[in-house]
Amino acid sequence: MKVGVIFGSSSDLKILKGVTDTLKEFGIDFFCEIISAHRMPEYLKEKISEMEDNGAEIFIAGAGLAAHLPGVIASYTLKPVIGVPISSAMDGLDSLLSIVQMPSGIPVATVGIDKGKNAAILAAEILSIKYSELKTKLKESRQKKIESILKENKNLKDKI
Amino acid sequence: MKVGVIFGSSSDLKILKGVTDTLKEFGIDFFCEIISAHRMPEYLKEKISEMEDNGAEIFIAGAGLAAHLPGVIASYTLKPVIGVPISSAMDGLDSLLSIVQMPSGIPVATVGIDKGKNAAILAAEILSIKYSELKTKLKESRQKKIESILKENKNLKDKI
Amino acid sequence: MKVGVIFGSSSDLKILKGVTDTLKEFGIDFFCEIISAHRMPEYLKEKISEMEDNGAEIFIAGAGLAAHLPGVIASYTLKPVIGVPISSAMDGLDSLLSIVQMPSGIPVATVGIDKGKNAAILAAEILSIKYSELKTKLKESRQKKIESILKENKNLKDKI
Amino acid sequence: MKVGVIFGSSSDLKILKGVTDTLKEFGIDFFCEIISAHRMPEYLKEKISEMEDNGAEIFIAGAGLAAHLPGVIASYTLKPVIGVPISSAMDGLDSLLSIVQMPSGIPVATVGIDKGKNAAILAAEILSIKYSELKTKLKESRQKKIESILKENKNLKDKI
Amino acid sequence: MKVGVIFGSSSDLKILKGVTDTLKEFGIDFFCEIISAHRMPEYLKEKISEMEDNGAEIFIAGAGLAAHLPGVIASYTLKPVIGVPISSAMDGLDSLLSIVQMPSGIPVATVGIDKGKNAAILAAEILSIKYSELKTKLKESRQKKIESILKENKNLKDKI
Amino acid sequence: MKVGVIFGSSSDLKILKGVTDTLKEFGIDFFCEIISAHRMPEYLKEKISEMEDNGAEIFIAGAGLAAHLPGVIASYTLKPVIGVPISSAMDGLDSLLSIVQMPSGIPVATVGIDKGKNAAILAAEILSIKYSELKTKLKESRQKKIESILKENKNLKDKI
Amino acid sequence: MKVGVIFGSSSDLKILKGVTDTLKEFGIDFFCEIISAHRMPEYLKEKISEMEDNGAEIFIAGAGLAAHLPGVIASYTLKPVIGVPISSAMDGLDSLLSIVQMPSGIPVATVGIDKGKNAAILAAEILSIKYSELKTKLKESRQKKIESILKENKNLKDKI
Amino acid sequence: MKVGVIFGSSSDLKILKGVTDTLKEFGIDFFCEIISAHRMPEYLKEKISEMEDNGAEIFIAGAGLAAHLPGVIASYTLKPVIGVPISSAMDGLDSLLSIVQMPSGIPVATVGIDKGKNAAILAAEILSIKYSELKTKLKESRQKKIESILKENKNLKDKI
């Protein structure tokens, strides 16, 4: 199982790493490229095609400002595209609206602003429909977080 | 292949029908319920469980205002949840932010405001990873729309 | 008299302390937990129940982003729930709208963004209906603040 | 048990009736006045005093635009004040922010835009701390709504 | 002198006509197509190329929602692209931000929301750098509007 | 000629000094107080009265958040009130709307966010209607700023 | 005492009449013109000059969209300029920000969106500093409104 | 070929340099001035005239807050005006709306917030209609950026 990860700029590296580190945790392979939707439209098209030929079943795309990348990818593939709005101006409102408000027929599965990790978890949930081995990992991932919160609660009384 | 469709209120029936009509077009079965996340938390939990037991592999949830429904469903299942923000106030900005800005760990795949049809298409794209027969339908659906636009272009010169 | 204080994340500790320190000033007992509405829905439900059984008469809930916690608590109790929107993105607008725009039937008493102290004062005002000893403390609290402002005025001329 | 209901303008009569009708359903007595915070500050102060002398234990205040009324009432009383933002311009955003963003020390318990009914339910929840007979009514009120939603679900299949 | 006019949907026909009628007033030829950036990316690319081959020196593109069309055109041409945000949701804020907030390197010359006529006037101003005969027409167009305002002023006293 | 300057909090001292320093430049006397509209309504009323008795002909009021102070002053006086929105949260949008969106009958002359200096200049412009000696100072003030910009232009070529 | 009233477009006639009718109520003379700041900058400058020569002591300017008119008037006069933002798009937010956010040195006294009447009352308040006969009228105007609200209160019980 | 570059304040020097450095890269001559639209309207008018007489074929104008400068320039010339919104408050939303929302008849070609470089590239694109030697430079400029992104991709695997 493979995911195509495409980000619009290397300045969003921290959020990109949130995506790829989480995919690694789930044991999901990925292709990863920095491609500007507006500067390299032909290259983008080729790479999408190449990733699909090599087994990509979902795409995760992150972009800021007038963030067209996720929508442009969605126009070149019939596979699900997950969009990550990135906050480089206006607290990310420009990016969020540019990604989520897609016209009828070409949806982008949008996650929260700067939430690269959530994009990877959503990809894992989607892939778990076909690859049921991911279900245990998803369960464990939630459980681990719960335990860390419960541990915090134990120490809470000292802090307040 | 089955989808669990849950809307927060019957006042959003037109958008709900956008979801269910499109699922029918793709030949996807669905369960459908009106459930208020805030008034019927127990009933919601049971229904999610029941839908999962009966084969639901994705959930589509639509809600307006402080739209918690998609996020609450996501907290009870490990399956992907698609959220449809519904504009009942503030042009839907309240609903969009309440759905898309989920915390780390529990993503909701958000589509555009009032875009019920897109939620169903996204569900079809997701299911097509496992059920490849959906791919042809997705391709045809896009093709049909293209042809209708091309037809419009023929008549455009008379209109402008 | 007791208040159940539940925050969505320990990263909001400063605002949480604003709540608990102010409750202490008023001599109001409280239970305090970090619980993620989306990751621990069952645990949340149990804790609400447990706090109510042990005498909690109001709940104060703080959360950021798509802040469902106050609304989810309100769906499990008939007691008043005070919500504190926390600004972790978008200046807290996402959190404010997710908390205040509750649907008909399940209100959340929302205070200003990051205003943990005000949530505690509101709780004191509400409890003072039943526990009239709080009235004097509320009066004193306002009086003290007035005196500090009047003192500032005395020094104002040197500063401007 | 009594509530002081003060609205800023008679043009908001429909939302005001949402408040008073709901209070009647819960068997809660109320005083009701139209008072402009800016045009009649003295009269407002007197009426608050008079309502308190006659037993008002909570105030509900509704106003639009630069909605100062709830905050001004809060400055004259130590009792809890519930604020209802009314949408007469900018989808109610001006009114919401004018009511909810109160400074430290003087909270207003804010409900959703135009949600008069929720203000009354919140008042009932608050009063139920002291007047336990309201608890049954609150429970019944939620139950009734649940039953009406369940009934809708029965007819849902014919509609979609 | 020729302009390529491309709109994302025929539902924006009134604004499209604002563009084409104004171009006609200035005696500027144009090509006109309805093309969905997301559904017909290949067709869009071909048409841009075809329009350029046939003499288009500027592009005007109108689109709503997550309005990628102007930016996508800008990615396929080095000629100036004028973008018209169209208000189909959120008062056009989504469309405005999706068009104007282009990343470094690929600008779109954005005009006001729904201002198709202004897009055409801007095209005329741009073309007038090369085709000086347009200057007189631009001057006359402003003069005509001034005269109509002056005429209104004569009748103003009767109206107020 | 005298101006009553009232700010809601001493945390806005820098902007307050922008007001008072500019008034001094114009040779306008002023009274200056920190008064919380919500905590000290009676004291506020007395001070307004006292300032008026001592010759205040205009009021300048600065406040942040749900900024009621300028509007409350306007409700106690028939003299012009200038409001300065202060940005303590949400980039000052909450404060701007709370001040400018006054209901019919009680206007507040609102200046830009954090623009204390402009409030003082507006006061000078208003007073200059009666006190014509201010006209020369207003002219000189603008002239001085123009000269400083012209001087900058001389050095501009070295910087770019 | 005279006011120069300049509106950007005759499509705002209702709000313009709110200004002029209210000025008439206060017995204040006015000059009134429709002038487009962008189309007739020279004419605007002349008219401002002409109005000043004929005794205008204040200007009231109303405009929508990128509403530059009040600011441009302020750049040509040292007299106070009152700006009325007019909602023709985006609920008037564009117009409000274009008017109120003036740079240091050139303030515009901004009133609420579409609040033509308030602009006239503010003008009356300002003029009352010099022309004390206006004070009685301002007092009466507020009193009349109060009486009408008190009358409404008498009938309120029948309506709720 | 020459461009008139006018900025409202020298505090925006970094963005101004983005404009002038990029113009230099394209070998485009320019005139450059700091002029306050509101403080120096006459000087602004003269400078526009002077720049036009000396060959300016386009104007680029940058301003913040209630950014009238680009629109005022557009009112004095028939040449295309490119506007750069500058973020000094409210994340630049005030400036963006003040520039882009121009009324019918007087467009401003608006680029993204703080995007000085894009304004210069747009100017190059516009001038390339007449001066075809710019086409090669525009192509090279895009190509150079593409190569730098491709180079980043080579190193990407080490970073993630």
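As written, the chain order gives the labels A, B, C, D, E, F, G and H, with residue 1 at the start of each chain.
To be clear about the criterion, a residue touches a chain if its C-beta (ideal position, glycine included) is under 8 Å from a C-beta of that chain, and two chains touch if they have at least 3 such contacts.
Owing to the predicted nature of the structure, the values given are computational and were not obtained by experimental measurement.
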| item | value |
| --- | --- |
| Minimum number of chain-to-chain touching steps separating chain D from chain F | 1 |
| Contacts common to chain A and chain F (chain labels) | C, H |
| Equivalent-chain rotation between chain G and chain E, CA atoms, steps of 5 degrees | 90 |
| Pair from E-G, A-E or C-F with over half of its contact pairs in common with D-F | A-E |
| Copies chain C and chain F touch via same or different residues, half shared test | different |
| Euclidean distance of C-alpha centroids - chain F vs chain G, Å | 19 |
| Whole-Å gap separating chain D and chain G, where each centre is the average of the chain's CA atoms | 34 |
| Multi-chain contact sites of chain H, meaning residues that touch two or more partners | 36, 39, 65-66, 89-91, 93, 100-103, 105-106, 112-113, 142, 145 |
| Pairwise chain contacts under the document criterion | A-B, A-C, A-E, A-H, B-C, B-D, B-E, C-D, C-F, D-F, D-G, E-G, E-H, F-G, F-H, G-H |
| Of all residues in chain F, those that touch chain D in their complex | 8-9, 36-39, 41, 45, 64-66, 68, 71-72, 74-76, 89-90, 93-95, 97-103, 105-106 |
| Residues on chain G engaged by chain F in the complex (per definition of touch) | 57-58, 78-80, 82, 96, 100-113, 115, 117-119, 121-122, 125-130, 135, 138-139, 141-142, 145 |
| Of all residues in chain D, those that touch chain G in their complex | 10, 13, 16-17, 20-21, 32-36, 39-40, 43, 65-66, 89-91 |
| Chain E-facing residues of chain B, complex | 87, 91-93, 112-114, 142, 145-146, 149, 152-153, 156-157, 159-160 |
